[in-house]
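Starting off with a structure, shown below.
Chain nomenclature is as follows: A, B, C and D, assigned in order of appearance, with residue numbering initiated at 1 for each chain independently.
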Amino acid sequence: METFLPLARQSNRPHVFTQPITLEITILTFAQARETFGFASRTVACAADDSPRTILCRIAPEASLEHLRVALDHEYTDWDAPIGAARELAIIPPVSGG
Amino acid sequence: METFLPLARQSNRPHVFTQPITLEITILTFAQARETFGFASRTVACAADDSPRTILCRIAPEASLEHLRVALDHEYTDWDAPIGAARELAIIPPVSGG
Amino acid sequence: MDIHIHFTTEPIVIPPAHLPSREIGAALEFHGIVRELENGRALSGLFYEAHEPMARRRLEQHLAEIDALHPCAEVHFIHRLGWVPVGEASLYIRVLSAHRGEGLALLAAVVDRLKQDVPIWKLADPPKPAQ
Amino acid sequence: MDIHIHFTTEPIVIPPAHLPSREIGAALEFHGIVRELENGRALSGLFYEAHEPMARRRLEQHLAEIDALHPCAEVHFIHRLGWVPVGEASLYIRVLSAHRGEGLALLAAVVDRLKQDVPIWKLADPPKPAQ
(Lines give C-alpha, C1' and ligand atoms only; values in the text may rest on other atoms or scores of the structure.)
Protein backbone atom coordinates (compact mmCIF):
# COMPACT_ATOMS: atom_id res chain seq x y z
CA MET A 1 0.00 0.00 0.00
CA GLU A 2 2.78 2.45 0.94
CA THR A 3 4.52 2.16 -2.43
CA PHE A 4 1.32 2.14 -4.51
CA LEU A 5 -0.35 5.26 -3.14
CA PRO A 6 2.22 7.92 -4.26
CA LEU A 7 2.19 6.50 -7.81
CA ALA A 8 -1.60 6.62 -7.89
CA ARG A 9 -1.54 10.26 -6.80
CA GLN A 10 1.00 11.26 -9.44
CA SER A 11 -1.07 9.80 -12.29
CA ASN A 12 -4.02 11.87 -11.19
CA ARG A 13 -2.23 15.14 -12.14
CA PRO A 14 -3.57 16.88 -15.29
CA HIS A 15 -1.47 15.99 -18.38
CA VAL A 16 -0.93 19.64 -19.38
CA PHE A 17 1.14 20.29 -16.23
CA THR A 18 3.71 17.55 -16.88
CA GLN A 19 4.14 18.02 -20.67
CA PRO A 20 3.40 21.59 -21.74
CA ILE A 21 3.47 21.79 -25.54
CA THR A 22 5.02 25.30 -25.78
CA LEU A 23 8.33 26.22 -24.10
CA GLU A 24 10.97 28.85 -24.54
CA ILE A 25 14.68 28.16 -24.78
CA THR A 26 17.59 30.62 -24.88
CA ILE A 27 20.25 29.90 -27.46
CA LEU A 28 23.79 31.09 -26.63
CA THR A 29 26.63 31.22 -29.15
CA PHE A 30 30.36 31.64 -28.47
CA ALA A 31 33.57 32.49 -30.34
CA GLN A 32 33.40 31.47 -34.03
CA ALA A 33 29.82 30.21 -33.62
CA ARG A 34 28.72 33.76 -32.80
CA GLU A 35 29.84 34.84 -36.26
CA THR A 36 28.27 31.80 -37.92
CA PHE A 37 24.87 32.44 -36.37
CA GLY A 38 25.07 36.23 -36.19
CA PHE A 39 23.75 36.54 -32.64
CA ALA A 40 25.12 36.04 -29.13
CA SER A 41 21.84 35.14 -27.48
CA ARG A 42 18.31 34.51 -28.76
CA THR A 43 15.21 33.15 -27.04
CA VAL A 44 12.87 31.05 -29.21
CA ALA A 45 9.72 29.00 -28.79
CA CYS A 46 10.16 25.24 -28.83
CA ALA A 47 8.62 21.94 -27.72
CA ALA A 48 10.00 19.41 -25.25
CA ASP A 49 10.48 16.86 -28.01
CA ASP A 50 12.44 19.28 -30.19
CA SER A 51 16.13 18.47 -30.49
CA PRO A 52 18.89 21.11 -30.64
CA ARG A 53 19.21 20.26 -34.35
CA THR A 54 15.51 20.86 -35.12
CA ILE A 55 15.57 24.18 -33.24
CA LEU A 56 18.71 25.40 -35.02
CA CYS A 57 17.36 24.24 -38.40
CA ARG A 58 14.28 26.41 -37.86
CA ILE A 59 16.20 29.58 -37.02
CA ALA A 60 19.32 29.13 -39.19
CA PRO A 61 18.60 26.48 -41.83
CA GLU A 62 21.74 27.38 -43.79
CA ALA A 63 24.19 27.04 -40.86
CA SER A 64 26.43 23.98 -40.66
CA LEU A 65 26.59 22.26 -37.27
CA GLU A 66 29.75 20.39 -38.21
CA HIS A 67 32.55 20.81 -35.62
CA LEU A 68 30.06 22.31 -33.16
CA ARG A 69 29.03 20.66 -29.90
CA VAL A 70 25.85 21.49 -28.05
CA ALA A 71 25.02 21.79 -24.36
CA LEU A 72 21.65 21.91 -22.61
CA ASP A 73 21.63 23.67 -19.23
CA HIS A 74 25.47 23.47 -19.04
CA GLU A 75 25.79 19.77 -19.89
CA TYR A 76 27.03 18.51 -23.24
CA THR A 77 24.36 16.56 -25.13
CA ASP A 78 23.65 15.13 -28.54
CA TRP A 79 22.37 17.31 -31.38
CA ASP A 80 19.47 14.87 -31.78
CA ALA A 81 18.53 14.42 -28.10
CA PRO A 82 15.16 15.89 -27.06
CA ILE A 83 15.56 19.15 -25.16
CA GLY A 84 13.00 18.18 -22.50
CA ALA A 85 12.67 20.98 -19.93
CA ALA A 86 16.04 22.62 -20.74
CA ARG A 87 16.04 26.44 -20.59
CA GLU A 88 19.42 27.09 -22.24
CA LEU A 89 21.00 25.71 -25.41
CA ALA A 90 24.69 26.59 -25.83
CA ILE A 91 26.50 26.16 -29.13
CA ILE A 92 30.09 25.19 -28.38
CA PRO A 93 32.74 25.55 -31.10
CA PRO A 94 36.10 23.79 -30.54
CA VAL A 95 37.44 25.08 -27.23
CA SER A 96 40.85 26.70 -26.80
CA GLY A 97 41.23 27.85 -23.20
CA GLY A 98 44.45 27.91 -21.22
CA MET B 1 109.54 4.86 -35.87
CA GLU B 2 107.01 7.61 -35.17
CA THR B 3 105.07 5.41 -32.83
CA PHE B 4 108.13 3.97 -31.18
CA LEU B 5 109.95 7.21 -30.34
CA PRO B 6 107.43 8.75 -27.95
CA LEU B 7 107.21 5.50 -26.04
CA ALA B 8 110.97 5.40 -25.84
CA ARG B 9 111.03 9.00 -24.53
CA GLN B 10 108.39 8.31 -21.95
CA SER B 11 110.32 5.38 -20.55
CA ASN B 12 113.33 7.66 -20.08
CA ARG B 13 111.46 9.78 -17.51
CA PRO B 14 112.44 9.12 -13.95
CA HIS B 15 109.88 6.79 -12.43
CA VAL B 16 109.37 8.99 -9.38
CA PHE B 17 108.02 11.93 -11.50
CA THR B 18 105.31 10.04 -13.39
CA GLN B 19 104.21 7.80 -10.54
CA PRO B 20 104.84 9.59 -7.28
CA ILE B 21 104.51 7.05 -4.54
CA THR B 22 103.07 9.45 -1.97
CA LEU B 23 99.96 11.63 -2.47
CA GLU B 24 97.36 12.97 -0.13
CA ILE B 25 93.64 12.60 -0.53
CA THR B 26 90.86 14.06 1.61
CA ILE B 27 88.04 11.67 2.49
CA LEU B 28 84.63 13.22 3.11
CA THR B 29 81.70 11.37 4.66
CA PHE B 30 78.04 12.38 4.73
CA ALA B 31 74.82 11.49 6.53
CA GLN B 32 74.80 7.85 7.73
CA ALA B 33 78.32 7.29 6.39
CA ARG B 34 79.63 9.87 8.86
CA GLU B 35 78.42 7.67 11.69
CA THR B 36 79.78 4.51 10.06
CA PHE B 37 83.25 5.97 9.67
CA GLY B 38 83.29 8.21 12.72
CA PHE B 39 84.68 11.27 10.96
CA ALA B 40 83.42 14.00 8.63
CA SER B 41 86.73 14.68 6.89
CA ARG B 42 90.16 13.07 7.03
CA THR B 43 93.26 13.52 4.87
CA VAL B 44 95.41 10.44 4.33
CA ALA B 45 98.45 9.42 2.35
CA CYS B 46 97.84 7.34 -0.77
CA ALA B 47 99.26 6.31 -4.14
CA ALA B 48 97.87 7.05 -7.61
CA ASP B 49 97.15 3.38 -8.16
CA ASP B 50 95.21 3.07 -4.93
CA SER B 51 91.49 2.58 -5.37
CA PRO B 52 88.87 4.08 -3.05
CA ARG B 53 88.37 0.55 -1.70
CA THR B 54 92.06 0.02 -0.81
CA ILE B 55 92.23 3.42 0.89
CA LEU B 56 89.08 2.81 2.94
CA CYS B 57 90.25 -0.70 3.84
CA ARG B 58 93.45 0.76 5.29
CA ILE B 59 91.75 3.34 7.50
CA ALA B 60 88.51 1.48 8.38
CA PRO B 61 89.00 -2.24 7.65
CA GLU B 62 85.85 -3.19 9.57
CA ALA B 63 83.50 -0.79 7.69
CA SER B 64 81.13 -2.20 5.06
CA LEU B 65 81.02 -0.35 1.76
CA GLU B 66 77.73 -1.99 0.78
CA HIS B 67 75.04 0.57 -0.23
CA LEU B 68 77.70 3.28 -0.43
CA ARG B 69 78.75 5.04 -3.63
CA VAL B 70 82.03 6.84 -4.05
CA ALA B 71 83.00 10.03 -5.88
CA LEU B 72 86.45 11.34 -6.81
CA ASP B 73 86.67 15.12 -7.24
CA HIS B 74 82.83 15.40 -7.46
CA GLU B 75 82.30 12.63 -10.03
CA TYR B 76 80.89 9.22 -9.18
CA THR B 77 83.38 6.44 -9.81
CA ASP B 78 83.89 2.77 -9.09
CA TRP B 79 85.18 1.54 -5.73
CA ASP B 80 87.94 -0.31 -7.58
CA ALA B 81 89.01 2.43 -10.03
CA PRO B 82 92.49 3.91 -9.43
CA ILE B 83 92.28 7.33 -7.78
CA GLY B 84 94.92 8.84 -10.12
CA ALA B 85 95.45 12.50 -9.23
CA ALA B 86 92.15 12.97 -7.37
CA ARG B 87 92.33 15.20 -4.28
CA GLU B 88 88.93 14.39 -2.77
CA LEU B 89 87.19 11.09 -2.12
CA ALA B 90 83.53 11.45 -1.07
CA ILE B 91 81.59 8.56 0.44
CA ILE B 92 77.98 8.88 -0.71
CA PRO B 93 75.27 6.96 1.16
CA PRO B 94 71.85 6.63 -0.51
CA VAL B 95 70.69 10.18 -1.26
CA SER B 96 67.38 11.61 -0.07
CA GLY B 97 67.17 15.25 -1.10
CA GLY B 98 64.04 17.07 -2.08
CA MET C 1 39.78 17.86 -2.48
CA ASP C 2 39.04 21.54 -1.94
CA ILE C 3 38.25 23.15 -5.31
CA HIS C 4 38.40 26.90 -5.97
CA ILE C 5 37.49 28.10 -9.47
CA HIS C 6 37.62 31.75 -10.36
CA PHE C 7 37.23 33.78 -13.55
CA THR C 8 38.45 37.34 -13.73
CA THR C 9 38.78 40.08 -16.32
CA GLU C 10 41.60 41.67 -14.26
CA PRO C 11 45.25 40.55 -14.15
CA ILE C 12 45.45 37.34 -12.12
CA VAL C 13 46.29 37.90 -8.46
CA ILE C 14 47.73 34.77 -6.87
CA PRO C 15 45.73 33.92 -3.77
CA PRO C 16 47.72 33.61 -0.52
CA ALA C 17 48.84 30.06 0.15
CA HIS C 18 47.71 28.42 3.35
CA LEU C 19 48.67 24.82 3.93
CA PRO C 20 45.45 23.00 4.91
CA SER C 21 47.39 20.40 6.91
CA ARG C 22 50.86 19.33 8.03
CA GLU C 23 50.68 16.52 5.48
CA ILE C 24 51.13 18.70 2.38
CA GLY C 25 54.47 17.79 0.80
CA ALA C 26 54.11 19.37 -2.63
CA ALA C 27 52.79 22.69 -3.89
CA LEU C 28 52.72 23.08 -7.66
CA GLU C 29 51.91 26.27 -9.50
CA PHE C 30 51.29 26.66 -13.21
CA HIS C 31 51.10 29.98 -15.02
CA GLY C 32 49.90 29.84 -18.60
CA ILE C 33 51.31 32.94 -20.28
CA VAL C 34 50.22 34.56 -23.54
CA ARG C 35 52.99 34.20 -26.14
CA GLU C 36 53.70 36.58 -28.97
CA LEU C 37 53.57 33.96 -31.70
CA GLU C 38 50.34 32.03 -32.16
CA ASN C 39 50.17 29.90 -35.32
CA GLY C 40 53.02 31.91 -36.80
CA ARG C 41 51.29 35.27 -36.36
CA ALA C 42 52.82 37.93 -34.09
CA LEU C 43 50.19 39.10 -31.61
CA SER C 44 50.09 41.78 -28.95
CA GLY C 45 47.67 39.70 -26.89
CA LEU C 46 44.70 37.36 -26.97
CA PHE C 47 41.03 37.79 -26.15
CA TYR C 48 39.49 35.09 -23.96
CA GLU C 49 35.82 34.34 -23.56
CA ALA C 50 34.00 31.60 -21.67
CA HIS C 51 30.59 30.13 -21.09
CA GLU C 52 31.37 30.77 -17.46
CA PRO C 53 28.75 28.74 -15.53
CA MET C 54 29.21 25.77 -17.85
CA ALA C 55 33.01 26.08 -17.73
CA ARG C 56 32.86 26.08 -13.94
CA ARG C 57 30.64 22.99 -13.92
CA ARG C 58 32.83 21.11 -16.42
CA LEU C 59 35.95 21.96 -14.43
CA GLU C 60 34.35 20.75 -11.21
CA GLN C 61 33.37 17.50 -12.91
CA HIS C 62 36.82 16.97 -14.44
CA LEU C 63 38.63 17.84 -11.21
CA ALA C 64 36.49 15.37 -9.26
CA GLU C 65 37.29 12.65 -11.81
CA ILE C 66 41.02 13.42 -11.83
CA ASP C 67 41.14 13.67 -8.02
CA ALA C 68 39.74 10.12 -7.82
CA LEU C 69 42.76 8.96 -9.86
CA HIS C 70 45.37 11.26 -8.32
CA PRO C 71 44.14 12.39 -4.90
CA CYS C 72 45.16 15.93 -4.00
CA ALA C 73 44.24 18.22 -1.11
CA GLU C 74 43.41 21.52 -2.82
CA VAL C 75 43.31 23.11 -6.23
CA HIS C 76 43.01 26.79 -7.15
CA PHE C 77 42.06 27.43 -10.76
CA ILE C 78 41.96 30.99 -12.08
CA HIS C 79 41.29 31.82 -15.73
CA ARG C 80 41.50 35.35 -17.01
CA LEU C 81 38.88 36.50 -19.54
CA GLY C 82 38.81 39.44 -21.92
CA TRP C 83 42.00 40.93 -23.34
CA VAL C 84 45.29 39.48 -22.04
CA PRO C 85 48.51 41.12 -23.31
CA VAL C 86 51.54 39.06 -24.34
CA GLY C 87 53.66 38.18 -21.30
CA GLU C 88 50.72 38.13 -18.86
CA ALA C 89 49.10 35.01 -17.46
CA SER C 90 45.77 33.81 -18.84
CA LEU C 91 45.71 30.81 -16.49
CA TYR C 92 46.92 30.04 -12.99
CA ILE C 93 46.58 26.67 -11.28
CA ARG C 94 47.89 25.75 -7.84
CA VAL C 95 47.74 22.17 -6.58
CA LEU C 96 48.54 21.08 -3.03
CA SER C 97 49.14 17.39 -2.41
CA ALA C 98 50.92 15.03 -0.05
CA HIS C 99 53.34 13.87 -2.75
CA ARG C 100 54.55 15.45 -5.98
CA GLY C 101 53.39 12.55 -8.16
CA GLU C 102 49.69 13.16 -7.61
CA GLY C 103 50.09 16.93 -7.92
CA LEU C 104 51.99 16.69 -11.21
CA ALA C 105 49.51 14.17 -12.60
CA LEU C 106 46.48 16.25 -11.59
CA LEU C 107 48.00 19.43 -12.99
CA ALA C 108 48.87 17.83 -16.33
CA ALA C 109 45.45 16.19 -16.61
CA VAL C 110 43.42 19.29 -15.76
CA VAL C 111 45.22 21.41 -18.37
CA ASP C 112 44.77 18.64 -20.97
CA ARG C 113 41.05 18.42 -20.26
CA LEU C 114 40.69 22.20 -20.12
CA LYS C 115 42.03 22.41 -23.66
CA GLN C 116 39.76 19.64 -24.94
CA ASP C 117 36.49 20.07 -23.17
CA VAL C 118 35.95 23.23 -21.13
CA PRO C 119 33.98 26.02 -22.90
CA ILE C 120 36.67 28.71 -22.95
CA TRP C 121 38.00 30.23 -26.15
CA LYS C 122 40.92 32.38 -27.17
CA LEU C 123 40.47 34.75 -30.08
CA ALA C 124 43.14 36.74 -31.90
CA ASP C 125 40.76 39.72 -31.93
CA PRO C 126 38.00 40.83 -29.58
CA PRO C 127 34.60 39.72 -30.90
CA LYS C 128 32.64 42.18 -33.01
CA PRO C 129 29.48 43.39 -31.31
CA ALA C 130 26.60 41.05 -32.26
CA GLN C 131 22.90 41.75 -32.19
CA MET D 1 68.79 26.79 -21.04
CA ASP D 2 69.67 29.24 -18.28
CA ILE D 3 70.45 27.30 -15.09
CA HIS D 4 70.45 28.85 -11.61
CA ILE D 5 71.34 26.58 -8.69
CA HIS D 6 71.37 27.88 -5.15
CA PHE D 7 71.77 26.35 -1.70
CA THR D 8 70.72 28.24 1.40
CA THR D 9 70.45 27.64 5.13
CA GLU D 10 67.77 30.38 5.36
CA PRO D 11 64.08 30.05 4.45
CA ILE D 12 63.79 29.95 0.68
CA VAL D 13 63.06 33.33 -0.90
CA ILE D 14 61.51 32.99 -4.33
CA PRO D 15 63.55 34.99 -6.83
CA PRO D 16 61.63 37.59 -8.86
CA ALA D 17 60.36 36.23 -12.14
CA HIS D 18 61.48 37.92 -15.33
CA LEU D 19 60.36 36.45 -18.61
CA PRO D 20 63.49 36.09 -20.75
CA SER D 21 61.48 36.38 -23.97
CA ARG D 22 58.00 36.90 -25.38
CA GLU D 23 57.96 33.21 -26.30
CA ILE D 24 57.58 31.87 -22.75
CA GLY D 25 54.15 30.23 -22.52
CA ALA D 26 54.49 28.24 -19.30
CA ALA D 27 55.95 28.97 -15.89
CA LEU D 28 55.93 26.06 -13.47
CA GLU D 29 56.83 26.28 -9.82
CA PHE D 30 57.38 23.39 -7.44
CA HIS D 31 57.67 23.73 -3.68
CA GLY D 32 58.76 20.62 -1.82
CA ILE D 33 57.47 21.04 1.73
CA VAL D 34 58.56 19.18 4.87
CA ARG D 35 55.70 16.97 6.09
CA GLU D 36 55.02 15.98 9.66
CA LEU D 37 54.93 12.24 9.01
CA GLU D 38 58.05 10.63 7.58
CA ASN D 39 58.00 6.81 7.54
CA GLY D 40 55.20 6.84 10.12
CA ARG D 41 57.14 8.98 12.60
CA ALA D 42 55.81 12.45 13.60
CA LEU D 43 58.57 15.01 13.12
CA SER D 44 58.88 18.70 13.87
CA GLY D 45 61.25 19.14 10.92
CA LEU D 46 64.09 17.60 8.94
CA PHE D 47 67.78 18.33 8.76
CA TYR D 48 69.26 18.55 5.26
CA GLU D 49 72.90 18.27 4.33
CA ALA D 50 74.64 18.22 0.96
CA HIS D 51 77.97 17.70 -0.67
CA GLU D 52 77.36 21.10 -2.15
CA PRO D 53 79.94 21.43 -4.97
CA MET D 54 79.25 17.87 -6.14
CA ALA D 55 75.46 18.36 -5.84
CA ARG D 56 75.74 21.48 -7.98
CA ARG D 57 77.80 19.66 -10.60
CA ARG D 58 75.41 16.65 -10.69
CA LEU D 59 72.42 18.97 -11.03
CA GLU D 60 74.06 20.86 -13.87
CA GLN D 61 74.83 17.60 -15.66
CA HIS D 62 71.31 16.21 -15.15
CA LEU D 63 69.65 19.48 -16.19
CA ALA D 64 71.71 19.61 -19.37
CA GLU D 65 70.71 16.02 -20.20
CA ILE D 66 67.02 16.62 -19.46
CA ASP D 67 67.03 19.92 -21.37
CA ALA D 68 68.24 18.04 -24.45
CA LEU D 69 65.11 15.86 -24.20
CA HIS D 70 62.65 18.56 -23.09
CA PRO D 71 64.05 21.97 -24.11
CA CYS D 72 63.22 24.74 -21.64
CA ALA D 73 64.33 28.36 -21.38
CA GLU D 74 65.27 28.73 -17.72
CA VAL D 75 65.37 26.79 -14.48
CA HIS D 76 65.81 28.07 -10.93
CA PHE D 77 66.71 25.37 -8.40
CA ILE D 78 66.95 26.26 -4.71
CA HIS D 79 67.56 23.66 -1.99
CA ARG D 80 67.48 24.59 1.65
CA LEU D 81 70.07 22.98 3.95
CA GLY D 82 70.22 22.65 7.73
CA TRP D 83 67.08 22.45 9.84
CA VAL D 84 63.76 22.91 7.98
CA PRO D 85 60.60 22.94 10.14
CA VAL D 86 57.44 21.07 9.08
CA GLY D 87 55.37 23.23 6.71
CA GLU D 88 58.37 25.07 5.22
CA ALA D 89 59.87 24.41 1.81
CA SER D 90 63.10 22.42 1.52
CA LEU D 91 63.07 22.69 -2.29
CA TYR D 92 61.91 25.24 -4.87
CA ILE D 93 62.14 24.75 -8.62
CA ARG D 94 60.88 27.16 -11.28
CA VAL D 95 60.88 26.21 -14.95
CA LEU D 96 60.12 28.58 -17.82
CA SER D 97 59.35 27.07 -21.21
CA ALA D 98 57.51 27.81 -24.43
CA HIS D 99 54.97 25.03 -23.82
CA ARG D 100 53.76 23.31 -20.67
CA GLY D 101 54.71 19.82 -21.89
CA GLU D 102 58.46 20.43 -21.79
CA GLY D 103 58.25 22.28 -18.49
CA LEU D 104 56.25 19.52 -16.80
CA ALA D 105 58.56 16.84 -18.18
CA LEU D 106 61.71 18.68 -17.10
CA LEU D 107 60.32 19.37 -13.64
CA ALA D 108 59.28 15.76 -13.08
CA ALA D 109 62.61 14.44 -14.37
CA VAL D 110 64.81 16.76 -12.33
CA VAL D 111 63.03 15.87 -9.07
CA ASP D 112 63.28 12.16 -9.92
CA ARG D 113 67.00 12.44 -10.60
CA LEU D 114 67.54 14.63 -7.54
CA LYS D 115 66.11 11.88 -5.36
CA GLN D 116 68.19 9.15 -7.01
CA ASP D 117 71.53 10.69 -7.71
CA VAL D 118 72.29 14.13 -6.23
CA PRO D 119 74.32 14.10 -2.99
CA ILE D 120 71.78 15.71 -0.66
CA TRP D 121 70.41 13.95 2.41
CA LYS D 122 67.60 14.47 4.84
CA LEU D 123 68.06 13.35 8.42
CA ALA D 124 65.44 13.09 11.14
CA ASP D 125 67.96 14.59 13.58
CA PRO D 126 70.83 17.02 13.11
CA PRO D 127 74.13 15.11 12.83
CA LYS D 128 76.14 14.58 16.02
CA PRO D 129 79.41 16.51 15.99
CA ALA D 130 82.10 14.28 14.49
CA GLN D 131 85.86 14.54 14.99
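FYI, contacts are C-beta pairs under 8 Å (C-beta built on N, C-alpha and C of every residue); 3 or more make two chains touch, one makes a residue touch a chain.
Quick caveat, the model's predicted, so the values are computed rather than measured.
*Asks:* Hide subunit D: connected chain groups?
*Replies:* Excluding subunit D but keeping the rest fixed, the chains that touch end up grouped as A, C | B.
*Asks:* Just how many steps, at minimum, does a route from subunit B to subunit C need if it may pass only between touching chains?
*Replies:* Tracing touching chains, the least step count from subunit B to subunit C comes to 2.
*Asks:* Compared with subunit C, which chain's mean CA position is the farthest off?
*Replies:* Measuring from the centre of subunit C, the most distant chain centre belongs to B.
*Asks:* Could you work out the angle of the rotation that brings the CA atoms of subunit A onto the matching CA atoms of subunit B, rounded to the nearest 5 degrees?
*Replies:* 175
*Asks:* Roughly how far is subunit A from subunit B, going centre to centre by Cα mean, in whole Å?
*Replies:* That gives a centre separation of 78 Å.
*Asks:* Could you give the separation in Å between the centres of subunit A and subunit C, each centre being the mean of its C-alpha atoms?
*Replies:* So the centre of subunit A lies 28 Å away from the centre of subunit C.
*Asks:* Taking each chain's centre as the mean of its CA atoms, how far is subunit A from subunit D in angstrom?
*Replies:* Once rounded, the distance between the two centres reads 51 Å.
*Asks:* For subunit C and subunit D, what's the span in angstrom between their mean Cα positions?
*Replies:* That gives a centre separation of 24 Å.
*Asks:* Specify, in ascending order, the residues of subunit D that touch 2 or more different other chains.
*Replies:* 32, 111
*Asks:* Give me the residues of subunit A that touch two or more other chains.
*Replies:* none
*Asks:* Please list, in label order, each pair of chains that touches.
*Replies:* Those chain pairs satisfying the definition are A-C, B-D, C-D.
*Asks:* Note which residues of subunit C are touching subunit D in the complex, please.
*Replies:* 19, 22-37, 86-87, 89, 98, 100, 104, 107-108, 111
*Asks:* Mind listing the subunit C positions that touch subunit A in their complex?
*Replies:* Contacts found on subunit C: 32, 48-51, 53-55, 57-58, 79, 90-91, 111, 114-123, 127-128, 130-131.
*Asks:* Name, in rising order, each residue of subunit A that touches subunit C in their complex.
*Replies:* My answer: residues 28-32, 34-35, 38-40, 71, 74-75, 90, 92-93, 95-98.
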